[in-house]
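Listed next: structures, encoded as structure tokens.
The same chain A turns up in both complexes below, where it pairs with chain B and then with chain C.
Our next item is the complex of A and B:
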């Protein structure tokens, strides 16, 4: 049994490494394609964490949705952006650098503060119920706000995509 | 959980993995032979005949040839992505086999959300095709990959909608549960429209003719596979056959009653025979369709999905919801 626990720990650490590796790849890549694929690696790592925490439904939804999203993002990169194999220029003026450091620092402090101050309560029980009824009820009643917020995010994404994808002539007409 | 469970559990995991890989390769061999033989029949020629009885060993010879071939990496390609694309395509292909119920007892693991597991894993193949198409740095490859994404994203919608109709009736994502729900009547008789929509969508999702636009050889040489040689090519090939097998297994589980069939002795294990018979029947239908129908044009493909399949499956979902509620 001890071996199992070690295995689980090792897999957990593996997922952490995967997330960090993917995030690093995303940030330091000079090609759009590499950056998006790095994001995909990080997202798979997050899915693994969900799995590790005993929520296979979340993990699988994460993979199912984000793989499609990443693909569409890549296609958009190929179609409407600059050529995807054009390396991005490093534009690191002191002004940008200061801004970047401030934003990252603020984000880090905020997240750390939340993590430290939250009292982590272990779930009383694992829900093993994946029936349509249960899922539907949780979406409509318990997690209603989150569910509706997600649809707003999706709406924004759709509008953004339409604005980016419009051809220049159409843009001039309006 | 006592100490004694330890070894058998680990052995069981290993054994399941070995079985899954055996099925992947066995299926690739059988399908390769069936496809070439049947293609020959449909075109009034014998197909492979030279090596072994009726050419059964042709695949082994081809395999050796492919393994021995040089892997050519185009100079202008993205080396890393070019290399990992076939692996990304092939590596997840064996995973869905772990949750497919071949018979009441022959199943790697009865997963609560087995259906979602299969869908999530299968979705990775599109990403692999896109990586391959872009990494090769070839116009044909890129066009094939872009087509593949457009096609897969579009046909996923009617597929998931028809799946939802089935889920509404069974009220579970567990594949074993879905098969057991069809003990009295197979869902193909309850929802024939859903079956047809689902089968068409799986044809498109597995990039099979008449929807094989990502590799359309008459217009894009070989689409996303243009630059691949040797094992790179054969990994894509085996992945395609495995995904076909998984798609047909899913159709059998959802609509054709899984392992249900006339009773057999030791039915807990032997009813896998019915499962495999049904799966290979569907696979032969897929081959039949491929060699009978011409490839559709890309705009026809998109129109067919968005104007016919999506509204059909939406209406079907609505009707199913009402009927289930009554």
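Our next item is the complex of A and C:
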């Protein structure tokens, strides 16, 4: 039994390595296509974290929506916007780059120090569980309005995207 | 205590995703590169919500519902930004944010 526990821990560390590697590839890639690949790797790692947090449903949704839909859309945008092997236009001077690294590093250190020093208190008692049934019932009963609103937001975004991306000639005809 | 049973581990990963996304927004000088970095930041927010949901929230459905809404918002945002990129590309023939500066006076 203890062996399985260590195995799960090793898989967890593997997912963390995926996140680190993918996000570093995302910011350091010279080609935009490599940046999208790094983003996909990092998001798969995040899906693994969701699995460890007791929610396989969210892990699958993460892979379905982020890796499946958003990354494909980004690849589409890159292929429309420029040739795939074009560089990501890294034109920062070394001075500004150092400033950016220092700022982000300082932010990370401050956030980490705050997180480590805070004493997090768990809720006194829990209602419900992590099952998909409980989540679905919450969506239908308790968060019904938010659930409907998010679908309206998505519909509006898609229609707006079509209208914005139409060519001017088509717009004049209609 | 194993690292996967510890709230701090997940919060540090969320903070890392946030700052690496910010750094990517500084470093990438094209609209799509900046959009990719925003996706990293949103993923960090999702990790935070799921971690607090697992360890401190009274009802485990809250964090999962909120993370699902974040995913929906991210998908809508990506669709809008891609269409904006296409519109900018048609007007300016480039997606360099420095070139799109008609209103700077």
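Rule of thumb we're sticking to: the second predicted complex is superposed on the first by the 93 of 174 C-alpha atoms of A that agree within 3 Å, B and C clash if a C-alpha of one lies under 4 Å from a C-alpha of the other, contacts with A are read in each partner's own complex, and residues count from 1 in each chain.
Here is the rule we go by: contacts are C-beta pairs under 8 Å (C-beta built on N, C-alpha and C of every residue); 3 or more make two chains touch, one makes a residue touch a chain.
Bear in mind that the values here come from a model prediction, so they are computed numbers and not experimental data.
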item	value
Which superposed partner A:108 touches (first chain B, second chain C, both, neither)	second
Chain B versus chain C as contact partner of A:53, first or second or both or neither	second
First, second, both or neither for A:153, with chain B first and chain C second	second
Touching partner for A:133 - first (chain B), second (chain C), both, neither	first
Partner chain in contact with A:61 - chain B first, chain C second, else both or neither	both
Which superposed partner A:72 touches (first chain B, second chain C, both, neither)	first
Which superposed partner A:27 touches (first chain B, second chain C, both, neither)	second
Which superposed partner A:12 touches (first chain B, second chain C, both, neither)	second
Chain B versus chain C, judged by how many residues of chain A each one touches	C
Touching partner for A:40 - first (chain B), second (chain C), both, neither	first
Touching both chain B and chain C, residues of chain A	57, 61, 70, 74, 78, 128, 130
Partner chain A, residues of chain C touching it in the complex	2-4, 7-8, 10-13, 15-24, 26-33, 35-37, 39-40, 43, 46-47, 50-51, 53-62, 64-65, 67-69, 71-87, 89-90, 95-96
Residue ranges of chain B touching chain A (in the complex, touch as defined)	1, 3, 6, 78, 81, 111-113, 116-117, 119-121, 123-124, 126-127, 130-131, 134, 137, 142, 146, 149-150, 152-153, 156, 167-168, 171-174
Of chain A, residues touching chain C in the complex	5, 8-9, 12-13, 16, 19-20, 23-24, 26-27, 32, 35-36, 39, 42-43, 46, 49-50, 52-55, 57-58, 61-62, 65-66, 69-70, 73-74, 76-78, 80-82, 88-92, 96-97, 100-101, 104-105, 107-108, 111-112, 115-116, 120-130, 134-135, 137-139, 142-143, 146-147, 150, 153-154, 156-158, 160-162, 164-165, 167-168
Contacting residues of chain A [partner chain B, same complex]	1, 3-4, 33, 37, 40, 56-57, 60-61, 63-64, 67-68, 70-72, 74-75, 78-79, 84-85, 128, 130-133
